[in-house]
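Shown below is the structure under consideration.
Letters A, B, C and D mark the chains as written, and numbering starts fresh at 1 in each.
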């Protein structure tokens, strides 16, 4: 039995904007086990990044967590005080790397200092030791001439280098969970694989769990063990990688898979319609306006998560009563 | 007997105690004056030409003659004990007791040197004496006498009046000569130092901060009661008022008329006021249409209510209808064109402007209130007036080129004689460039040969009564024909602390500092 | 038939500019949500009303003198008292609103076209023209504004018209620079290249493609400057280089009233409040609009 | 770096040349009579003409202009008609006074403006933000001359907290001249009475200018902070679990400081501008008041001198700001 690390229960987040209330997360459920490489897939705006922010309690104004639980190591983060989250969770237990590594590094502080700062803030360590440890960390992420890089400023780095620095920084405190929010999207294709492999190696080495957020199914296919698919603020399907790739159940997941160019398919299929406006989300299943299998019930009620096979959950009426 | 002895004893003791007390804790008596000192350019008597500078110099340098305290008509002896006119020469006898503040004696040589220096340097105020044809060569020191030769036999009243001006102050030739820089006869040095024989000497001048004067212990006249006079630079009149009320100054120099009632209300303050030989006038261009038409000019003269203007500037000024101010010899208070809007409209109609016309009235910034009121009155009889308030410098630039339609400006007499005002206001033989006196009448492009003759004639009349008659006749003619309408005679109004006493002012803004008392 | 056509055109226009339209809608929403901006807007609207209806609102003629009622303190008859010529201060302040707004509008009416013209020329043609215009701008920006305005004002002679010219001359570099920057960035965009390839003339490209985009940027900047213009104009009047008496100009009122500060405090104080309130309102609005127009600041405001 | 500096210096001189030219022609097209105004209305024509000849005011404009340029190269602006002293000498007295005032005001502005701006940004759209925005907007909207009048009325007249004006009290003479800044000179001379007196006189005009400048600095700090707080690296800092204080002051503030430094440079220019009005009202003997008086009496040499000096000070402060940039932002290398 795998040990549960993080459980998101029924998470609902709204953004209060000028156009009205954007219902960004519509009761999302998610379980991540310790040591696993979990992928969260979906189009831009489907709520995957918001979910990550919520886990770190960094949902920005005007977003508000309406209800739900985020249970990390058995404790509900949402019930902790801000200061507790900062002290005990962020940096120490959960960290994150971002899409644009250069922008994510402070331009006026040199690279080395940014890393050792994370160490000093979270671990009982002297400044000297932290600096030494920084160089080691930089070595571990395969940075040549780590001393030089440590003295340099972010704008002097390439994107790949900067992402390595970020990884070193975020892993420096040996967190239990590392959220990787589109870690390779902004990088050159040749570098993408390097960074992903580095992440994979380090997960093992540091005994860390990874929550990888991406819109790119191929990235997920390369790295993840389990995958969650999100659509318009809903979790539509969760399962092991092979379930999702080889046996997608939800019509949306199927659409996604069909949109990937591969040898088997000669014709790419696009999903009809466009992503709904979350100010006025479709009733019931949010995918129903685009779904070729839509029934009347789909418009009325949001479908429950159903286990179609072991560890494979789908939220769709197509499978209602199958089991 | 016993009683009497006792009394004497008590009296003696009291006296002794008081004496020892006063000598022991004797405070320096310092008068602190708040003033906008920015007009003061130089404190060299040969150069200073503004009221504030002259006011100071009168007390630092001795002149040959001066006005009796508070008067601007009665001459008394200065550094000259006596004088004698003989045709076109005048001889002054110098008193022998006078000393400069450094102990050097004041002699006829020094006086002659100082007057020659004025002629040679030919600075702004020099014309006050050079107008009599006085040059370096026409001044002579003979023993204890100074003999001055003029080009004509001028009226003695006129000459003596001019000799009271601060430009004739006697400087110490030794000090001056030892501080010469590039042939300037010590002008740069004297501009911020003093070498005079007056009751006070200049100790320091920190521009935009303060001027400090100390008593001249060698002064030949009565010993001044004050030890020190400090003039603090306070440009804003309201700040001066505040500081006077707060007690940090004893005298506020630049008060506005509207601040005067406030001073009168205060128990420990009082006001010293004196009409000055300064006037505010309206002038119209004598060449440009329509003011070249005498009927239009007379209409304008009738349209303005002088009393309203005095009210508008906060009172305290004296009505004036002619160029000779009240307090001066040959003052005339008649008015040919008193305020009468109906008559003004009629005159305008007669002149061919029943619906009025449009014109521009230019005034310097410090006379904008007067301008506003005059504009309102002219508007009332249908003359659409555009008011243009500009810096005085700019105004003078245009004025000197005869380039103004209508102007309000001020005029101050330099010496206490009607001639001082008759010349600028009535002397203009031609409006061309060949004019000899390019003064106010000329600037307004107005020539009147008949009046010019009268002005020239009056300067030489030796008999006082006859002279007065000519001036009065001139003024009546002037009121009827000229391009000027006097608005009012200015007054100086100072705010003082009651501890200051015997502060005397005459119409030429002169104060003998040696007479000022301080509790 | 015709109206149908029009509708179609309108629809296509709406579609084409849907992002701009939603942008404006969003801006209006944001203005409504920011109470300070709304307050500024309300004050300005009130001010405009006061300026327009001054003859109806003002209790007295602002120029009418009552020399027997000089410097009277605030009372029922004269809510804000009277000045040194017995004129009603409230009425003068009411009329002064028009003067202040007029100055501001005229300065902008001079500066916006001037700045756009010079900036466009500099940015579009580049080279030595650009160099000359921009160095001129540098020179004009090397003076503190008030000092330059003073110099120009003195040279031209004091009058309301010359004040406006002087202020306008001190401000054009800001607009020219903005317009130039905008032109430079637009010039490089592909659609301009396309236009050029299609044979459009320079003039046509400038007028139809660059000008509209420049204009919106400059308008935003102009709202930021509105308060400033009024403030500088008041300073000029205070120094005697601006409006001429008896104009009911606020700066002039303070200038002529400053000597009554101690004993008749209301004479210089109330016009000062009028300036403060007006400039404050314009700054509130300008700040609000800048916040909204700045994408960085917009983000996270929602 | 050197190349950049050379380019900047060249531009600097072009600007100064332009300033002098513009000022010269502006002030010489006026049909004014400065000499007549100095000599007084009673002065006869010959005397005025004589003085104009002495000052070279009768020469053709082109010739006067070349004379001016030559003079300015030697820092010689000629004689001021109004004070009858060398303009350069006058400015040596007045400029330090303004400099002292400007620095004093700037210090006030920075000490209060930056922290208030930071707080305002951090507490965006909350009460402290609204208060500080109203406060700073009031400062920006305040006519300096009017605020000066109010300060005199309230702080001097009613509360007796500050002196009415000037730079030193009447009984106190200035300290031994070293820098021309009384506060520093009096400390050098160890004369604390002068120090206190000079300080006392700076409070009024210093607060007026300081408040207005504070408003500008506060505003720029706020918007710069808001912008920076939205940056990704701030998120990174938060993810690292850093204390909010560290996030704001170390990560955000350091980046936000760059535009603030520009603003401080520009502030210096505004201070010179504000000093024109404030010094006039407070009777503070500085360059601003000197400039106003020169303008009003059309004392052309003094006008050109003071405007040139102001422009140089302004341009210099901009230059310094540019150099400071490089120190603050590692991304900029000239």
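Brief remarks follow.
The working rule: contacts are C-beta pairs under 8 Å (C-beta built on N, C-alpha and C of every residue); 3 or more make two chains touch, one makes a residue touch a chain.
Bear in mind the structure is a predicted one, so any value in this text is a computation, not a measurement.
Of all chains shown, the one whose average CA position lies nearest the global CA mean is D. Looking at A-D and B-D, the interface holding more C-beta pairs in contact is that of B-D. Distance between subunit A and subunit B, defined via averaged C-alpha coordinates, is recorded as 91 Å.
Between the CA-based centres of subunit A and subunit D the separation comes to 53 Å, rounded to the whole angstrom. In this assembly, the C-alpha centroid of subunit B lies 39 Å from the C-alpha centroid of subunit D. Inter-chain centre distance (subunit B to subunit C, centres taken as mean C-alpha positions): 48 Å. Contact with two or more other chains is made by residues 30, 152, 157, 280-281, 295-296, 298 of subunit D. Residue numbers of subunit C whose C-beta contacts span two or more other chains: 154, 157, 240, 258, 261-262, 300-301. Within subunit B, residues 236, 238, 242, 365, 391, 394 each touch two or more of the remaining chains.
On the side of subunit B, the complex with subunit C involves touching residues 236-238, 241-242, 256, 258-259, 262, 308, 311-312, 314, 365, 368-369, 371-373, 375-376, 387-391, 394. Every residue of subunit B that touches subunit D in the complex is listed here, in rising order: 32, 38, 41-42, 47, 49-50, 122, 124, 126-127, 191, 204, 206-210, 230, 232-236, 238-239, 242-243, 246, 248-249, 365, 391-394, 396-401, 403, 409-412, 414, 424, 437-438, 440.
Across the complex, subunit C meets subunit B through its residues 63, 65, 67-68, 70-71, 84-85, 154, 157-159, 240, 244-246, 256, 258-264. Note for the complex: subunit D touches subunit C at residues 11, 14-16, 18-19, 22-23, 26-27, 29-30, 125, 130, 133-134, 137-138, 140-146, 149-150, 152-153, 157, 219, 223, 226-227, 230, 269-270, 272-273, 276-277, 280-281, 291-292, 295-296, 298, 303, 307, 310-311, 314-315. For subunit D in complex with subunit B, the touching residues are 30-34, 36-45, 47-48, 50, 82-84, 93-94, 152, 156-157, 160, 164-168, 170-171, 173-174, 280-281, 283, 285, 289, 293, 295-298.
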